[in-house]
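The structure that follows is given in the form of structure tokens.
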Amino acid sequence: MKQSKKTVLVAGGDLRYVYTAKMLAEQYEVYAAGFSRQIVPFETVKLTESAGDGFPMCDVLVLPMPVSDDGVFVSTPFGRQNLSLRGLIASLKPNAIVLGGKFGKTAELFREADVQTVDYLAREELSVLNAVPTAEGALQILLEEMASTVYGSRVLVLGFGRIGSRFAAMLHALGAKVTVASRDVAELARAEMSGCRTIPLSEVLQHAAEFEVICNTIPAKVVTADILKQILPETLVLDLASKPGGVDLAAAQECSRRVVWALSLPGKTAPITAGEIIARTIFHILEERGAS
Amino acid sequence: MKQSKKTVLVAGGDLRYVYTAKMLAEQYEVYAAGFSRQIVPFETVKLTESAGDGFPMCDVLVLPMPVSDDGVFVSTPFGRQNLSLRGLIASLKPNAIVLGGKFGKTAELFREADVQTVDYLAREELSVLNAVPTAEGALQILLEEMASTVYGSRVLVLGFGRIGSRFAAMLHALGAKVTVASRDVAELARAEMSGCRTIPLSEVLQHAAEFEVICNTIPAKVVTADILKQILPETLVLDLASKPGGVDLAAAQECSRRVVWALSLPGKTAPITAGEIIARTIFHILEERGAS
Amino acid sequence: MKQSKKTVLVAGGDLRYVYTAKMLAEQYEVYAAGFSRQIVPFETVKLTESAGDGFPMCDVLVLPMPVSDDGVFVSTPFGRQNLSLRGLIASLKPNAIVLGGKFGKTAELFREADVQTVDYLAREELSVLNAVPTAEGALQILLEEMASTVYGSRVLVLGFGRIGSRFAAMLHALGAKVTVASRDVAELARAEMSGCRTIPLSEVLQHAAEFEVICNTIPAKVVTADILKQILPETLVLDLASKPGGVDLAAAQECSRRVVWALSLPGKTAPITAGEIIARTIFHILEERGAS
Amino acid sequence: MKQSKKTVLVAGGDLRYVYTAKMLAEQYEVYAAGFSRQIVPFETVKLTESAGDGFPMCDVLVLPMPVSDDGVFVSTPFGRQNLSLRGLIASLKPNAIVLGGKFGKTAELFREADVQTVDYLAREELSVLNAVPTAEGALQILLEEMASTVYGSRVLVLGFGRIGSRFAAMLHALGAKVTVASRDVAELARAEMSGCRTIPLSEVLQHAAEFEVICNTIPAKVVTADILKQILPETLVLDLASKPGGVDLAAAQECSRRVVWALSLPGKTAPITAGEIIARTIFHILEERGAS
């Protein structure tokens, strides 16, 4: 006998979660709370608004990133009112799974309620796939800010992790002259294989004046005041590192360097894709748990 | 004995010509008319303002594209006053060469003065190199307009000439699923070799609903009302064809399709590179004439 | 009423024509003469051996390249006996089309018989598509002959036409450091856009000692004795130009340079693909003539 | 005062170690034992033959991979006699470093002599860089074995680690239609970002008949008898996994499938590059230890 479809409730979140809900609806019965029909024009996603008895009992609860700012409510930028975490917990079936991005202090709340949680932000495939919208968002900034073409431009990329490697490969494909700096010799070997010139991170200072663009992806203060003083006045510094960022902003201001600090690019530049990446990761999590 | 450097006068034009002048100054003695020192901060380019006796006598005169709107003056968007063509002709040495983009009716003026002219817009290498800033400008529009990533998106490119082939290759490199349509089987063979799926131009109508982006590069009305009715409401139509364009704009408005008609992208998105491309082409022209 | 399928006779030729026949059989009724069942194991292709009344009357006759060495017989390397052109002409229906590669003096024979001929070798899409097996064959030679990787090697490609551009792009994609030399500034602009360094053809001599591999695609004696003397002893010279070739072989022997002159690579390295390319070109020719 | 150069002894090994010695000689004083002058024509490398007092006292001893087959002698395919490990140990200065690839039971010998050893095969950058000659060797086999072009061919790559990812990217760049199979969803996400189609490893059986080439890089018996029965008779199976390999060879023989098991490709197809990779890794090891 064919099992009935699981019921999934997508509660709160920004535009990305509209597309997460839409994609999950290809396989599950999906309700969304905290959105209007205008923002969710897909018939396949059912809307539910009122907290408490208004929610359907669900097998899977999908929460945004971060799960909550205040530990009490889920943020609903598109809804009329915030959703209470306690109300959402009340709508869970026994053995339900709660999926969210960074639970923070709300973890305690779920533990008390004896509910299992999974942080989808901790999944490697999500980070890997998110590198694409991040790199495209960074590329958009470059295209907007530069008065010459990316093709032929001299770009330094600091770090060759998920984002650095994707961004460097993209720039190389567009014909930029890409140099990668890293502390790690294996990363440098990989960068070289991607067609990039490489330098040890310790030598960035002495090469700093060679580049039209410097893009940092290392989550540490690597673009120091000394480096900022060395770069050309017209050089664009792009920081993709999450808070607290990798560029000494005070020093940059002092010597009038152009810095763009770009945070949360996937949600900003490609909310549809970013939402689908969350949905795909959720499919994997549920499949692995036999809950699909 | 080393010959003295040729004297070049760059007269009028937009931001591109600032960089044309800068690059020419690497090899020639360069004057620029129609610009202020603020917009030309490079010491290597000498400024001259006053028409008539103020101009140095020059071996090469570089004029913008188009050479003139009214047949009398050269446009100087950065200068205080327009430059008269007759005044410029008066500053030419015997055997001087005049380089411009589209002479139009001004050709007659130069012929009368017995001055030789060369249209750098007619040079193939300029068209080839200009495909890069054009394609990057088109990519910027895509990145700005789309809510999903270019990676994975389904794009139809109409035409596989200089611009179509560059843009298609760029999108393919970024991971888009690119289909190319053309009337010419050899162009389709080339497109296939660039990793694109191909369809005859005659079959665009029946495939129109498959794409998230349709980009036209063919200088003819190929995106007809019939095609516009078939495409998805959210599809972005990008027209890169010069006037009169390849999209039936009236039909597009009637059925509420999203169309961006992008003209003169090189000068808008990458004036430095566009100016350098003009300078490089001028180097070639002068080299071939033994005037370098 | 559905028209009956055209009858096609593929007469003679090497292994490629087995696959030409196989692909044509997807759309036409196809007979092959000059092959055994062992070499044509596909039921969709009917074999016919005996000249004269043995042949079916056909709408389309496909002949190999060149059509004939002696002007009398078609070469049949896989058959028991050569096929006489007069016998084949006798099997043509009125208004039949004869497709071949280089008719040479046999053209006269067909003209006398009032039969229309089309040379598929003259079709641009065939040349474009054949660049792929040619470039792959050249790559195979490089991989076999070199004791270091193609990745990172310094390669000079002479010419940037169909074959040069494909080969250079392929090498660039594999991580080689590719320099392209050409007489034509537009070709050099294209090469630069493909990620290659460029030099004018006139400067090859002074750069000759910089390369581990020199690959010629220009159908003229461009790799002169002077250049051969300048190159490193271990440099591999690969000539892809058809007869009489672009390398001074006598000079190469005198100064002990390593030269590989590779002719007719498509048929040798990828007979299946080469045969399919001929078939695809034939489809186009027949479609254009409304004969499909 | 400038420190005197370190003395390095390269003892034994195949052709790769000739180029390792040559590259090390750019920075150190290098002796090579187990080679003739014919095979090491570079003046910068000094030859030494006789064991015992013949060897110079050295700071660094470089041994091949594996260090020894019998635990007593180092293999010297180019020398007149094998080199005894005890004799080599006797030539070490105090605090010398011994670098080798897989010490096996010889580790005990060095421990007894209180000599520090480093296995360069365990270094990640060596594995990363070696993926290039391995992938090129695999490509050469494909080009030699296939009668159609790599371009357009349907290839399945099993695994997306260092070798699988390099090989898949290379094939994609050449225009092959690449599918990657893996157990790991993050690997599949990476493969997708490289332009490949992806399937879970568990679904290889049901897709097995779709491919012209199947290339395994997973060090486990993943190409089972069931899969071999499903593939097309003409499909080429290429196994790049080290011993015991990933293909059921007995089953392959039984159902007459074409299998090429390619081992140690770097040393075979690109000994110069393979030797340079070893030298580069040794530079890193010595730099990190402050011994450079």
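First chain written, first letter: the chains are A, B, C and D, and each begins at residue 1.
Please note the rule applied: a residue touches a chain if its C-beta (ideal position, glycine included) is under 8 Å from a C-beta of that chain, and two chains touch if they have at least 3 such contacts.
These numbers were taken from a predicted model, which means no experiment stands behind them.
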Higher-contact pair (C-beta pairs counted), C-D versus A-C: C-D
Of all other chains, the one whose Cα centre sits farthest from subunit A: C
Distance between the centres, which are taken as Cα means, of subunit D and subunit C, whole angstrom: 37
Rounded Å distance between subunit A and subunit C, as computed from the means of their C-alpha atoms: 50
Residue list for subunit C, restricted to those that touch at least two other chains: 132, 151, 175, 193
Graph class of chain-chain contacts, one of line, ring, star, complete, other: complete
Subunit C residues within the subunit B interface of the complex: 123-125, 128-129, 131-132, 166, 185-186, 188-190, 192-193, 284
Of all residues in subunit A, those that touch subunit B in their complex: 15, 132-133, 136-137, 139-140, 143-144, 146-152, 170, 173-175, 269-273, 276
Subunit A residues touching subunit C - in the complex, by the definition given at the top: 151, 175, 193, 195
